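Structure, as C-alpha cells:
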Amino acid sequence: MNISIGLADILLISPVIVLFLFSLIPLTTKVLNKNVEQSPATTLVVALMGLGIAAGLLILFGGSDQTIFNGQLLFDGLTKWAGLIAIVSAAAGIVLLYENPSTPYRQFSEIIFLALNSVAGMLILISAINLITVFIGLELMSLSLYLMTAMSQEQKLSKEAAIKYFVLGSIASAIFLYGVSFIFGSTNTVNTAELMQVAAQTIQADKLFLFGIIFVVIGFCFKVSIAPFHAWTPDVYQGAPTPITAFMATAIKTASFAAFLRIAATQVFQGSQNLVDVLQWLAVLTMTVGNVAALVQTNLKRTLAYSSVAHSGYIFIGLITVGLSANSAYSATAVVFYLLTYAVMSIGAFGILSMIEKSENDFVTVDGLAGFAKKQPALALCFTIFLISMAGLPPVLGFFGKLYLFGAAVSEGLIWLALWGILNSVIAVYYYLRPIVSMYMKPGDTDVSDNRLYASTIMVIASAIFIVVVGLFSGPLFTMIERSLS
Amino acid sequence: MLETSMFSEIGLNHYLVLSALLFTIGMAGILLRRNLIVVLMSIELMLNAVNISFVAFSKYNMNSEGQVMVFFVMTIAAAEAAVGLAIIVSIFKRFKEVNIRFFEHLKG
Amino acid sequence: MSMDAVLFWFLSIVVIGAGLSVVLMSNPIYSALSLVMTMVGVAALFATLNAYFLAGVQLIVYTGAVMVLFVMVLMLFDLKRELQAFSRGKITGFFKIAGVGVLAGLLVGVITFTTQKTSLIAEGSPLAADIAAQAASGADNTKILSENLFLKNILGFELLGVLLLVIAIGVVALSRSKGGTHARD
Amino acid sequence: MNIGASSSILSLIIFLPLLFALVISFWPQRQTLRELALGFSLIQLAVSLLLLRDFDSTTAALQFTEQFTWIERFGISYFVGVDGISLMLVILTTVLMPIMILGSWKSISEQVKGFHVALFVLQSAMLGSFLAMDAILFYVFWELSLIPMYFIVGIWGGARRIYATVKFFIYTMAGSLLMLLAIIFMMRLTPEVTGGAISASLLDFYKLEIPFIAGDFFTPQTLLFFAFAVAFAIKVPLFPLHTWLPDAHVEAPTPGSVVLAGVMLKMGTYGFLRWVIPLFPDASSHYAWLFIALGLVGIIYGALVAMIQPDMKKLVAYSSVSHMGYVILGLFVMNVYGMGGSLYQMLNHGISTGGLFLLIGMIYERTHSREISKYGGLAAAMPIFTIFFIIVTMSSIAVPLTNGFVGEFLILMGAYQYSFTASIFAVTGVILGATYMLWMVKNIFFGPAGEIVKASEHDPEHRLHDMSKREIAVMLPIVILIFWMGLFPNTIMDYSKQSINHLLQNKQNYSLEVK
Amino acid sequence: MDHQILIAVLLLSPLLGFLINGFRFRSQSYVIAGTVATLAVTVSFVCSILLFIELLALPAESRRITAHFFEWINLGDLNINAAFVVDQISSIMLLIITGVGALIHLFSIGYMHHDKGVTKYFSYLNFFVFNMLILVLGDSLVTMFVGWEGVGLCSYLLIGFWFSDSAKAAAGMKAFITNRVGDAAFLLGMFILFMTFGTLNFYELNALAPTTMEASWLGAVTLATLMLFIGATGKSAQIPLYVWLPDAMAGPTPVSALIHAATMVTAGVYMIIRLNPMFVAAPNTMMVIAIVGAATAVMAATIGVVQNDIKKVLAYSTVSQLGYMFLAVGVGAFGAGMMHLMTHAFFKALMFLGSGSVIHAMHEEQDIRKMGGLRKYLPVTHFTFILGWLAIIGFPFFSGFFSKDEILWQSFSSPRGHTLLWVAGALGAVLTAFYMTRLMALTFWGKSRVDKNIHPHESPWTMTVPLIILGILSVISGFIGVPHAIAEFMGHIPNYWQQWLAPVIRPLPIEELQSVTHTLSEEYMLMGISVFLAMCSAIFAYVVYTKKKHIAENTAQSLKPIYNLLDNKYYVDEIYFGAIINPLVKQSRNLWYYIDVNVIDRMTHVASDVATNGGKLVKTLQNGNMQQYAMYVSLGLIIVLSYVLMR
C-alpha cells in the first residue's frame, strides 16, 4: 500500500485547513489575553478573513476535478460552487450573529470557532465522495451547530431546539450509517465514484443494497428536511437564534444538498422505479406540507422555516431529475443555482428578522411588521424583494431559479412534478404576500432594533442587489456553473 | 437440516439480524423513553448495531475498511455522546428536568 | 454446535437482553448499567468476528469512557425515580410499537430472505489474495487495519482529531455559556 | 431637427418609465413630484407617438425589432418588436398614463412618491409585455406588472383593499404559472425547428407544429392551449374566472382602477391574440365554441349582475366583464370583423371604462361614497360633470359616433358570421348594457336630489363644486378620443389591418417576418 | 362639389347650433338660444329646399345627389362611408324635418321661455335635428343607424329634460332601452343583409334585392327584413315595443311634437320605404308588418279613447297613426305610407303644438277633465286645432283624408292586403274620430271646468305662427297626392306624389298584381263606409262629451272591466314589468348571489380553506414532541421501504 500525500492534496484541502486555523485565532488570543474576550468586531473580521481566504482558495483550486486523499475528497465544480455558497452564506450568518441580541458576546470567539469549523465540515461534506468521509463531514458540521444553537443568550427555546435537533439528527446519523453499512456489505465499497459503476445493476439484484441506499437517502432527506423527515425544521428554525437559523437554512442546507446530489448523481435511483416514484411523492409531500403549514403560521420565523421545507421540496425535484437524467450536468446546475438563489434570499429575509428583533426573547410575527415600510423604506423594499424572489416572481432571482429547476424537471418528463411545484407556488404566494401586506398596508411603527446595525444592513442590501442584478443577468452565471459542473 | 444449520452454522445473516434487532431496539428506546439520557443511550444502541453490521460485513467482504469505519463511528459516537450530554446538562441546569415532556414549547 | 455458535448465541442473547433492558428499565441507572452490558457484549461479538482491535477500543471507549460520562451525568442529576419513563398516548404508542416491529420485520426479512449470505466469507471476494491469506490471523488483521487507517483513511483520522477538538472546546464553551454549569454569571 | 424613431425606440419605450421611476424615487422635492411625473408621462407619450409616426402600417411584419441574447443557455433573448396587434395597445398605455397622473392629483395624498414609482414601473411592465417577442421576457413583464398593481391596490385602496389585492394577485398568479409551465414545455420542443438549440423566441414558437388530436383532451396542443388560455382568461377576465375583478376595482384607487380596466385587462386579450390563437391554431379552432360560449355568458352575465350592483365601481367592474366578453367573442369567431372589432374594442374599453373610473373617482373625492342609492339629482349640482359622464356612458353603451359602437358593431358582425345564435345572444348584451348604465346614470344624476346632494346643499363645506379645470383636462383627452375613434376609426384600424389579415390568412402556419 | 357643400351645411348647421348652445348651456337667455337654434334649422331648411329644387331639375330616374365625405369603417369587405344621399324619399323627409323642425323651434322659444335650462333644451333639439338628418340622409344602413341611435339618445335626453322628476327620467330611460331592444334586432338585420349581399349601401342592396319572392320564413331576406322591422317597431312605437311612446310625453311638449309625432317615430316607416325592394321580396315580412300595423292602429286607438291626459291622447293617437303607416307599407302601399307620414307630421305636430299652447295657457295642466270651454280663451289655438282634428279624423279633402283612405283602400285591394286589414283600419278610423272629437269636446268646447286660479290666455306669436302654418299645411298638403279614385272624381288631378316616388319604389310583382282586380266603385263604396262611420263616431262623441256626459259615465260604469282594461292600457306595462323586467332583476340578484358569491367565490374560498385546513392539520401533527417527530421519521422510513419492496 503505497499511499503518499502530496502538495496537491494539501493545496486542495487548504480551505478546510485555513478555516480550522482561522477558527483558532480568536480563541488563542482570548486564552492569551487571560480569557477576556476581545472586541467582537475583531473576531468578526478575523472570521470573515478566514472565510474569504477559504473562498479564494476554493475558487483557485476548487474546480480542478481532482480527487485527493486516496479518493476521499473530490474537488470539482460542485465542490467549488456549493462550497462557495456555503462559505458566503456562512459569512453572512456570522455577520448577522455579530449584531443579534441572542449572541453571547462574551463567548463570541467560541461561537465563531464553532461556526468556522462547521463550515470546514461542510466543505468536507460537499467534497467527500467516500460515504464515511461524508459522515465525518456531516458530524463535524452538525455537532458544531448543535452547540452553537444551545449557546444562545436565550435560554428556553434555543435549548429545546438544540436538544431536538441533536436527538433527531443523531437518529438520522444512525440511519445513514446503517445504510452505509449495507452499501458497504453489498458492494464492498463506500466510494461513490466506484458505486456509480455498479449501482444501477446492484440495486436491482440486491435488496440489501437497495435498503442501504434508502437508509442513506433518508438520512439526507432528514438533513435537507424532506417531509415526513422535516419535523425538526420548524421547531429548530424557530428556536435557534435567528442568525443561526439563517446559517442552517442556507449553508447547512446547501452543503447537505450538495452531498445528497453526489448520491443522486450516481444514477442509483434509476435501478428502482419504485424508489423514483416514492421520491417523487416525497417531493410532492414536502412542497405541500411546507406551503400549507406556512399558510397558518403567525410567527414569521416559523413561516420562513416552513417555507424552507417547501423550498427543499422544489430542490428535491431537481435532485430527482439529476438522479434520472443521463446528462445530469444541467439538472445539477439547476439545483446548485436554486441553492444559491435560496441561500441569498433566505439570508436576506432572516437578516431582516434578525435586525428587527429587539432582544433575545423577541420574536417577529407577521403582523408585527406593520408599518415597517414607513420606518425603513429601504429595508422594507429589500424584504419585499426577498419575499417576491421566494415566491418565484420575476424579474428577480427566485423566478429564474424556479424556471431552471422546473425546466429541468420538464425536460426529464417530470411534468406533473413541475405542475405540482407550480400549484404550490400559488399557495406560497399567499403567505409571502402577508408580510408585504403588513409592512406596507397596515399602520404600525415597527422598526429595526438599532439604527447602527451597519454590517447587517450592508449584508441585507447587498443580498437584495444581488437578487435583482443576478436575477436579470442569470444566464452567464448559470452557464458558468454548468460548465464547471460538467 | 435447516434447523441445525441455522443454529449451528453462524453466518453473516446471524450478525446482521442481531444488528437489525439491536437497531430497532435502539429506535424503540428513542420513541418510547422520555428521559433524555436514556434516549441518548438508545442512540448509542443504534450506533452499536451499525458497528456490528460493519464488522460483520468487513469480515464477509474481507475488507478491513469496514473496521476503519467502525473506528470512526465509535469516535464520533463518543463525541456525540459528549455533545448530547453537554446539552442535556445545560438544559438540566436551566429547567431542572431532563424529561422530553418538558420540551414541547416549540410546536405548531 | 460449534464453539463459535454457542458463543454467538450466548452473546446475542446478552446483547439483545441488555439492549431491551436499556429501553425497558424505568430507572435510568439500570438502563445505563444495561448499556454497559450491551457494550461489553458487542465488544465480545467484535472479537468473534476477528476484530480484536475494535473489541479493545469498544471496551475502552464505550464502557470505559462514554459510560462513565453517562453514569456521572446521571449521578449529577440525582434522578431517583422517573415520573414518566415511557411516553403515553394510545394511538402514537401503537404507531411507535407497530412501527418498530414492522421495521424489525422488514430488516430481518430482507436480510434473511433476499440474501443467502450464510457464510462469513464472501465467495470470490474481490480483494487481493494476500489479504485472504492474511485474514486467518488476528495480528495481521490489526496491521492491515492500521495501514488502512493511517494511510488510506488518514484524512478521516485527522478530521476526527479536529472533530474531537471542536467538540471539546465547544462543550466547554457551552458549559461556560449563560445558564451553563460553569457560567460566570 | 428630425427626431426619427431609431432602432432602439422600443427599448426606450419600455425602459424610460423605469428610469423615470428611479428619478422620482430620488427626487428631493415633495411639492413638484406630481408635475415631474406628469412631465415624464408626457415625454413617454411623445416617444410613443414617434413610434406611431414611423410605424409602417402596410406590412404585417414585426417592426423596430431588437434582439439581444439574454440567457444564452436557453435561447432566451431580449427580443422586442411591434406590429399592428401591439402598436395601439402601446399607445393606449402611454396615453392613459398622463391622464391617470393628472386624475390622481388630489385623490392620492399619502406616499405620493411611492405611488408614482409604482405607476411608472407598472407602465414599463405593461409596455414590456405588449412588446416582448420572447416567451420568457413576456412572462417576466407579465408577472412584473402584478407587483406594482398589488401595491397600488393594497396601499392606496379602500377598506377591503388587502383582501382584494391578495385575491387579485393570487388569481392572476395561479393562471400565469400554468402558462410558465407551458412556456417551459414549448421551449423544450423548439430544437425541432431551430436545429438543435433551445429557443424561447416567439417566432420559433410559431414554427412549432404541436400535435393535435381532435377530441382527445390530453394531447400536447390542447393542454398547452388551455394552460395559456386559462392564464389569459383570468386576466381578461372571462367568466367564471372574473370574481377578482369587482373586488379589485372596488378597492383600487382611481388610477389603479383606470390602469386595471384600461390596460391590464387588455394584456389578457392581447395574449389570446398574440399567443394562443397563432400558437395553437387547431386547438383554438376546436375549442373556439367554448370560449365563444364563455364570452357570451360573460356578456350577459356581466350585464345582468351589473344591473343589481349598489356600488358604482362594482357596476362598472361587472360592465368590464361584459365588455371583455365581447372581446373574447370577437377573437374566437376568427374572422376579420370579429378580430378587428376585438382589437378596437380593447382600446375602446380602455378609454371609456377608464373614463368612467376617473369620473367615479372625481365624485368619490367629493362625497366619499359610491353607493348609487345615496345619489340622485346630481345633474343639477354638477352639470359639466354630468355631461362628461353621459358622454362616456354613451361610449360605453356603444352609441354610434362614439368609439364603442365601432368595436361592438364589428364584433357582433363577426359573431353573426360565426353563428346566428351566437349573435342573438351577443346583441342581448347591447340591450342589457344600456339598461344598467342608464339605470346608474338615472339614479345618480336624475330624479329628485338624493341624500348626498341634499346634504351638500345645507353644508357649505361639502358643497358639490363642479369639475375643476384640472378635472376637465383629465377628461378632455378621453372625450376627444371617444369621438375621434368613433368618427375616424380607420385612422386607428389601418395600423392593425395587415396584422389581422395576416393572422387570419395564415392561421395554420402562422409566422411573423422581421422588418 | 357644391352639392357636397350644401349637404354639409345642411348637416352641420344644426350641429353647430348644438355646439354653440351646448357650450353656453348655463345661459338662461331664451332669445339668443332660441334664435340660434331656430336659425340653424332654418338654414338647413333652406338647404333642403335648394336640394329639392336641384332634384327637381334632374331627370326622374337619376334624381340622386350624393355627398361622400370620408371612409368611416373599412374592414374586410365592410366598407362604410360617411356618405349622404338626397333622393326622392330623403328629400321629402328633409323638408318635413327641417320645415316642421324649424316651426317647432320657433314655437319652443315661446313655450320654453320661462325654463331655466332653455339653452340646453335648444342644444338638444338641434342635436336631434342633426341626428335625424343623418338618419334620413345616410347612404347605408349603418349610417342610418348612427342617426337612428342618435335620435334615440336625443329623445332620451329630451324626455328626461326635467330630470328632477324621477318619473320623467325613468321615462327617458324606458324610451332608450325599449329602442335598444329594437336596435339590437336592427343590428341583426344588418348583419344578415351584409352577409347575404355583401353590402349595406341602400342602393346596392336595393339593386341586389331578389325579384323572386321568398316563401320561407327563415330565408335570409325574410329574416333580415323581419329583424329590421323589429327595429322599426322600437323606433316607431309599434306592438310590442310601443310602450315607451306614451311615457315619452314626459318631455316638453314641442319635443313631443317634433320627435314623438313628426319625425323620429316615423323613422321606422322611412327605413322600410328606403329598403322597399327588399321588403317586397319578403311577403311574409310584409304580412307581419301589415298585421302589426293594423293591430297597433286599433289597439292604440282603443286606449286613446279613455285617456284623460291631453298629451297621452295624442300619443296613443300617434301610435295608432303610425300603425296606419305600417299597415300601408305592409300591404305594399309605400307611397301611401310615405304620404301619411307627411300629412301626419303636419297635423300631429300641429295638434301637439296646439296642446302645448293649451298646456302653456293652463299652467302645465294636462288633464282634459279639468279643461273645457277653452275656445274663447285660445281662439287661434282652437282654430288651428280644429284643422288638425279634421285632418286626423279623415274629414274629406283635409290632408288626412287622402292619405288615410288611400291606405284603407290599399289594405283592401292590394294583393297583399286583406279584408280584415281594411276592417281593422276602418275600425281604427272610427275610434280615432271618436277620441279626437272627445279631446276637442273636453278641451275646447262645452262648459269650462278650469280651476279658478288659472287664467288661460292666448300664446305669443312665436307659438301661434307655427300653429297657423301647420294648420294650413294640414289642410292643403293632401292635394299633392290625391288618390286615383278621388282624382278621377275631382277631375284628373295628377298624383304628383306617386310620380315623384315611383322611381324609388319597387312595385309588387306583376303576377301578384294581376291576381287581384278591383273596381273603382268598390273603392268609392269602401271610402264612403269608412268616412261615414268616422263622421258618425265623431258626432256621437261630440254629443256625448258636450251635451250628455252621463252617457259616457254610464257606459264606463256598465263596461267597467273593459274600461279598466283600456284605462290601464291593456296592462302591457305591468306585463312587461311583471313577466320580464322584474324577474330579470330578481334573477340577476340571484345570479350574483348564487353564482358569483356562492359558487365562484365560494370555490375560491374553499380552495383556500382546503389549504388552510391542511396547514392546521400539519400544525396539529407538529405537536412539539420530539418522539412524535422520531416516529414520523421511522414511519416514513417504513413506508418508503415497504413501497420499494412491493415490486
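Lettered A, B, C, D and E in written order, each chain numbered from 1.
Throughout what follows, a contact is a pair of C-beta atoms (placed from the backbone, for glycine too) under 8 Å apart; a residue touches a chain by one contact, two chains touch by 3 or more.
All of these numbers come straight from a predicted model, not from anything done at the bench.
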Any chain in contact with chain A as well as chain B: C, E
Most remote chain, CA-based centroid, reference being chain E: C
Central chain of the complex, centres being mean CA coordinates: D
Greatest separation from chain D - chain, by CA centre: C
D-E against C-E, pair bridged by the larger set of C-beta contacts: D-E
Centroid distance [mean C-alpha coordinates] between chain D and chain A, Å: 43
Geometric centre distance via CA averages, chain D-chain C, whole Å: 70
Chain B and chain E, separation of their C-alpha mean positions in angstrom: 98
Intercentroid distance (Cα basis), chain D paired with chain B, Å: 66
Multi-partner residues of chain C (each touching 2 or more other chains): 87, 96, 99-100, 103, 107, 110-111, 115, 122, 125, 127, 148, 152-153, 156, 160, 163, 167, 170-171, 174, 177, 179
Per-residue multi-chain contacts in chain A, two or more chains: 132, 136, 139, 143, 147, 150, 155, 159, 163-164, 167, 171, 188, 207, 211, 234-235, 297, 430
Which chain pairs touch, all of them: A-B, A-C, A-D, A-E, B-C, B-E, C-E, D-E
Residue ranges of chain B in contact with chain E within the complex: 27, 30-32, 34, 100-101, 103-108
Residues of chain C that touch chain E when the two form their complex: 87, 92, 95-96, 99-100, 102-103, 106, 110
Interface residues, chain A side, partner chain B - complex: 132, 135-136, 139, 143, 146-147, 150, 155-157, 159-164, 166-167, 170-171, 173-174, 177-178, 180-182, 184-185, 188, 190, 234-236, 238-239, 297, 302
Interface residues, chain C side, partner chain A - complex: 107, 110-111, 114-115, 122, 125-127, 147-148, 151-156, 159-160, 162-163, 166-167, 169-171, 173-174, 176-179, 184
Chain D residues touching chain E - in the complex, by the definition given at the top: 167, 171, 240-243, 246, 301, 304-305, 307-309, 335-337, 340-341, 376-377, 379-380, 383, 387, 390, 394, 399-401, 405-406, 409-410, 412-413, 416-417, 420, 423-424, 427-428, 430-431, 434-435, 438-439, 442, 445-449, 487-490, 493, 497
